[in-house]
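Multiple structures follow.
Consider the two complexes below, in which chain A is the common component and chain B and chain C are the respective partners.
After this line comes the complex of A and B, so read on.
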């Protein structure tokens, strides 16, 4: 356990050192990244040690902060999340060491590495903390350091706006967490997690759960609380966006699961609520993703979709717990946990791939890119694997986690009562999400990487350097590997599910039953690979020695097809976007044609966020209008303010009389 | 086990035959003599003997399209029961793997189409993913109804030969599911009224336009996977009819194959008597499938 402190020390010291070296770009960049990577590696070693020797997993150090105690612990749930934090952060740091060179001479790279390393350290502290004060401090640390990372790149107004929205949203979330910890602490008289094992009774657990859902859900990006996310991820530097989406959003999921362990037996409506929110986040998230033109915004919306899937799984797990149905509980929680892992890997991979494209072409606008697969094959292949994995296609990792949730739903429809209805909703929602995700990511990969370059921007592109390539390839390999190693991983979830549910409730037995289908899936995947190899071999055998020619793409006899004639991202997505126009409210701007031979014609579509436009902006505006009415109180004259103080004092005196 | 592998190989050999049956039926309605029953075999073998021509626009990815699609369809075939016999691979929830393997095939076909940079193929790809948005949920929900009726969440379980006395009592449900699955079947196999397999160069088509630029061995793979896909979805329909029909295994196999041939004839009749829908109407047609499945679900929940 103490070893994890070495990791934290390395992170913080190297961050400070990078800050001191701010003036020299190269050493600062090198030390910062190296510190992050070595800190994460030491952290991984500590996980390994604690995993093998659970006795060393608890640590309490006296602390003078009131109500606080520096009590840390590492259980299996924590180890899972720490593992993700360390791996994804290390790979993002490795990637950043190269990709951040574009800021050379423009920005103070030292400060970026300081906040990057602080972000990792604070996430680690969040998972380790076993005291509410400590947890909140780490939570705030994470919010602040990620805020500085988001605004790092920004001269642009959009970046500053994104930072502001993020800062406000995250603090509204923290507000609910404060209330939640207050309620929990008040009912047991201590802020140590260990004293919260006895759940308060009555309405209290439900109120605490709702606060946790809003507070942690804001960080994860559940649908009505997501509005900061599509602004923030695109604004952040690429390797930072990978960490934010890959692991920082998962700390919200961690928090929610952790709080569940204090609340005892959950009510079944919590499960229904989580499932409903998951379905809304999933469907709307992927639809809005499809309508985007900016790759990073698209990935941000797709994060919301995936958080939705995680939430559906958690909801099913809670439902299983509250209705004493071990099959639903095990399938729901294991699907949800596996999707947390999977999403961390493939979303980080996609953000890193997007970063490589941005680095070489200077744009994220899909409609001006094209044909990059020929120019950057390594980036292309890794991105393809990430795209197929995020669509949940076999034989990659995304399929396994979605399968577990599907299987829970298929078990659910055999039951009776409202579970049948909910299960059908889950099946229909996941099917729709899956189909739209395929549309969304074929659009992304097809438009950006395939076809012909649509503008000069893509002409000069080439694969990035070795560090960026390695980090992308490792993540792509993870997507492959988890697809095949899933039965073993899910087996390992038994202890975590037991920790979360607080019962043994036939977990081992049910898991064994669950793993059986996974084994078949793995054998199916292996057969799929076998078929692919066989067909490649047959093709090679047949084409050996035959003539292979090249010609123009067949365009019905048209001899001069130009890149401009290709389908664009907008036209590809148009049928679905149009079908859902009631929800997406895509705005079209077209310039009018008045002459017979117009010189130019412009057409633009944009899809603003439904909740920002229709809920939050009007709400904030009405608050603003309301407060506007109170401006007469403020005159800016000192005398009147002193008068206010006088009146207040007087009122207090009278009240005390 | 050996018997199952023999059955698998039998399907591999038989499935292109059904296209011949469809074309003969259509020829009968049109008063033509029609192409030989084994035409698809001839086409595939001819293509396998050809060299290759690739567009200068395409990348290496283009080759992967047909290979992965055919592999995915073949793997899906491993999950499909034959004549009431359990499939080679069968487990709880294999329905999900089945549908997602077809999704994998779609993913690669669509991307290979986009790789050509042709706006025709882009159009086809765009329509394919749009229609999948209706077809996939309809297929999932139809199979969910069957799961609810039979208590089995694997394809082999649902279509097993075991006689179900309650099968008859679910009649109205079965008819609704059959309707939904038939629409899904027509859409997934790009048949009229959703798509027209005969038009190669018109704007209303979907699947055919996506594979315009493939040739030689690659195109042989694509045609063969179309044949297998027809078998996959046909099995779902014929399987519902023949469920509970228990007799000797040889008889059952023969009856099953006859059922598939009959289905091909029905498709031929549909293609000869119906016109293709206007493209904008196709989603309405597909939503009918979704609606049928949902109605069946509501009834099954009583």
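After this line comes the complex of A and C, so read on.
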């Protein structure tokens, strides 16, 4: 356990060192990244040690902060999340060492590495903390360091705006967490997690759960609280976006699961609420993703969709817990935990891939890219693997986790009462999400990597350097590996689910039942890989000894085809976007044609966020209007301010005497 | 209770009203200085056997500071900053006087609600000290110039001192000494600041300082 402190020390010291070397770009960049990577590796070693020797997993150090105690512990749930944090952060740092070179001479790279390393350290502390004060401190640390990372390129107006939205959103979330910890602490008389084992009675657990859902849900990006996500991820530097989406949003999921362990037997409506939120986040998230043209914005919306799937799994798990249905519980929780792992890997991979494209072409606008697969094959292949995985296509990891949740829903149909209808809803929703996800990522991959280059920007693109390629390939390999190793991993979840549910209720038995179909899936996957290899071999066999040349595809006899005649991002998505136009409210901007032979014609679609437009903006506007009526109080005249003080004093005087 | 105490306290009260009605800054400084000397003598008006050496020291210190050092600093500030002689009240002198009387009535009402555990120098001491305090605060609010705010501040301090002196406990005098030190620094700093403000901006009108405030956020920024 102490070794984790070495890791934290390395992270913080290297961050500070990078800050000190701010004036020299190369050393600062190198030391910051190296510190992050080595800190993460030391952290992984400590995980390994604690996993093999669980007795060393608790550490309590006296602390002078009131109500606080520096009590840390590492259980299996924590080890799972720490594992993700260390791996994804290390790979993002490795990637950043190269990709951040574009800021050379323009930006203080030392500050970026300081906050990057602080972000990793604070996430580790969140998972380790066993005291509310310590947890909140780490939570706030994470919010602030990630805010500074987001506004790293703050001279752009959009970035500054994104940072502001993020800062406000994250603090609203923290507010609810404060209330939640206050309630928990109040009902047990202590802020140590260890004293919260006894469940509070009455409707208190429900209030605590709702606070946790809003507080942690804001960080994870559940649908009504998601509005900061599509602004923040595009604004952050590429490797930072990978960490934010890959692991930082998962700390919200971690917090929610952790709080569940204090609340005793959950009510069934918590499960229904989580499922409903998950379905809304999933469907709307992927629909809005489909309608985007900015790659990073699209990925941000797809994060919301995946958080939705995780939430559905958790909801099913809670439902299983509250109805004493071990099958639902085990399947739901293991599906959602596996999806947490999967999403961390493939979303980080996709963000890194998007970063490589951005690095080489300087744009994230899909409609000016195209034909990049030929120019950057490694990026293209890893992006393709990530895209296939995120759609939940069979041989890869995304399929397994969605399969577990599907399986839970199918088991639920065999039950009785309202669970049947909910299960039907889950199956329908997951099917819709999966289908739209395939459309969405076909669009992304097709528009960006296939076809002809649509502008000069993508003509000179090539694969990035070795570090960026390695980190993308490792993540892609992880997606493969989890797809094959899933039966073993799910087996490992037994301990975590027992920790979370507090019972041993047939977990092993149920898991053994689940693992059987997973084995079939893995053998099927292996067969599929064999088949693909066979196809590759046949292709090689057929092409051997033949000349390969490129020519135009048949163009219907059109005289002068140009790359601009390809399908665009808007046109590819148009049928589905049109079908859901009631929700998406895509605005079309077309310039009018008045002449017979117009010189130019422009067409643009734009899909603003539904909740931003219809809920939050009107709400903020009314708050603004209301407070504007009070501006006469703030007139800036010193005398009147003193008068306020005087009246307050007088009132207190009269009241007290 | 002794008659001399009552007499001094009533003079202090009249000085408050005089302060509100006087239009000249120099007069105001003189009034506040005189009031400071009178109030400084308050603890010494008790029965002889109650007076401790510490009290004599603190009283003489406060008399020297409030009666001579502060006025000197303020006169110097007036002179060097070329301040115009008028006080420039917001509402006019009659209104100021009227409010001064209302303040006195309010102070009387407030002091009736106090519970005394000790005999006082004068039964008027508590209401007059409240009245002095609030008059000082009122002067800070209602006068435009920075220097009159310093004077209001001093008046406010006189009120606090009077309250402490009336109750005649050594602790309150200790607190009083600490406040005196604060005030000393404050007058010193404000004297310098006023001088510099007038040199930079050619005036010491606090209303114009409000131009420095943050502009109100316009709707477009949201």
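The criterion applied here is as follows: the second predicted complex is superposed on the first by the 630 of 657 C-alpha atoms of A that agree within 3 Å, B and C clash if a C-alpha of one lies under 4 Å from a C-alpha of the other, contacts with A are read in each partner's own complex, and residues count from 1 in each chain.
Definition applied: contacts are C-beta pairs under 8 Å (C-beta built on N, C-alpha and C of every residue); 3 or more make two chains touch, one makes a residue touch a chain.
Remember, it's a predicted structure, so these values are computed and weren't measured experimentally.
K.L.:
Aligned on chain A, chain B and chain C: do they clash or fit?
P.N.:
fit
K.L.:
Which of the two partners, first being chain B and second being chain C, lies in contact with A:434: first, second, both, or neither?
P.N.:
Touch partner of A:434: chain B, not chain C.
K.L.:
On the A-aligned overlay, A:621 touches which partner chain: chain B = first, chain C = second, or both, or neither?
P.N.:
Second partner only.
K.L.:
In degrees, to the nearest 10, note the angle that opens at the C-alpha centre of chain A toward the centres of chain B and chain C.
P.N.:
Given the fit on chain A C-alpha atoms, the answer is 150 degrees.
K.L.:
Going by the contact rule stated at the top, is it chain B or chain C that touches a larger number of residues on chain A?
P.N.:
B
K.L.:
Which partner chains sit in contact with A:164 here, chain B, chain C, both or neither? Use first/second/both/neither.
P.N.:
Touch partners of A:164: none, neither chain B nor chain C.
K.L.:
For A:631 in the superposed arrangement: first (chain B), second (chain C), both or neither?
P.N.:
A:631: touches chain C, not chain B.
K.L.:
In the overlaid three-chain picture, find the nearest pair of C-alpha atoms across chain B and chain C and give that distance in Å.
P.N.:
It is 38 Å, taken between the nearest C-alpha atoms.
K.L.:
In the superposed arrangement, what residues of chain A touch both chain B and chain C?
P.N.:
none
K.L.:
Residue numbers of chain B touching chain A in their complex, please.
P.N.:
Listed in rising order, the residues are 48-61, 63, 67-68, 70-72, 74-75, 78-79, 89-97, 99-101, 103-104, 106-107, 110-111, 113-123, 125-127, 129-130, 132-133, 135-137, 139-141, 144, 147-148, 151, 153, 201, 212-213, 216-218, 221, 283, 297, 301.
K.L.:
Spell out the residues on chain A that touch chain C in their complex, using ranges where they run on.
P.N.:
Interface residues on the chain A side: 620-621, 624, 628, 631, 634-640, 642-643, 646, 649-650, 653-654, 657.
K.L.:
Enumerate the contact residues on chain A facing chain B in the complex.
P.N.:
370-371, 373-374, 377, 380, 384, 388, 391-394, 399, 402-403, 406-407, 410-411, 413-414, 420-421, 424, 427-428, 430-432, 434-436, 438-439, 441-443, 445-447, 449-452, 516-517, 520-521, 523-524, 527-528, 531-532, 535-536, 538-539, 542-543, 546-556, 561, 563, 565-567, 571-576, 579
K.L.:
Which positions of chain C touch chain A when the two form their complex?
P.N.:
90, 110, 113-114, 134, 137-138, 140-142, 144, 206-207, 209-210, 212-214, 216, 219, 222
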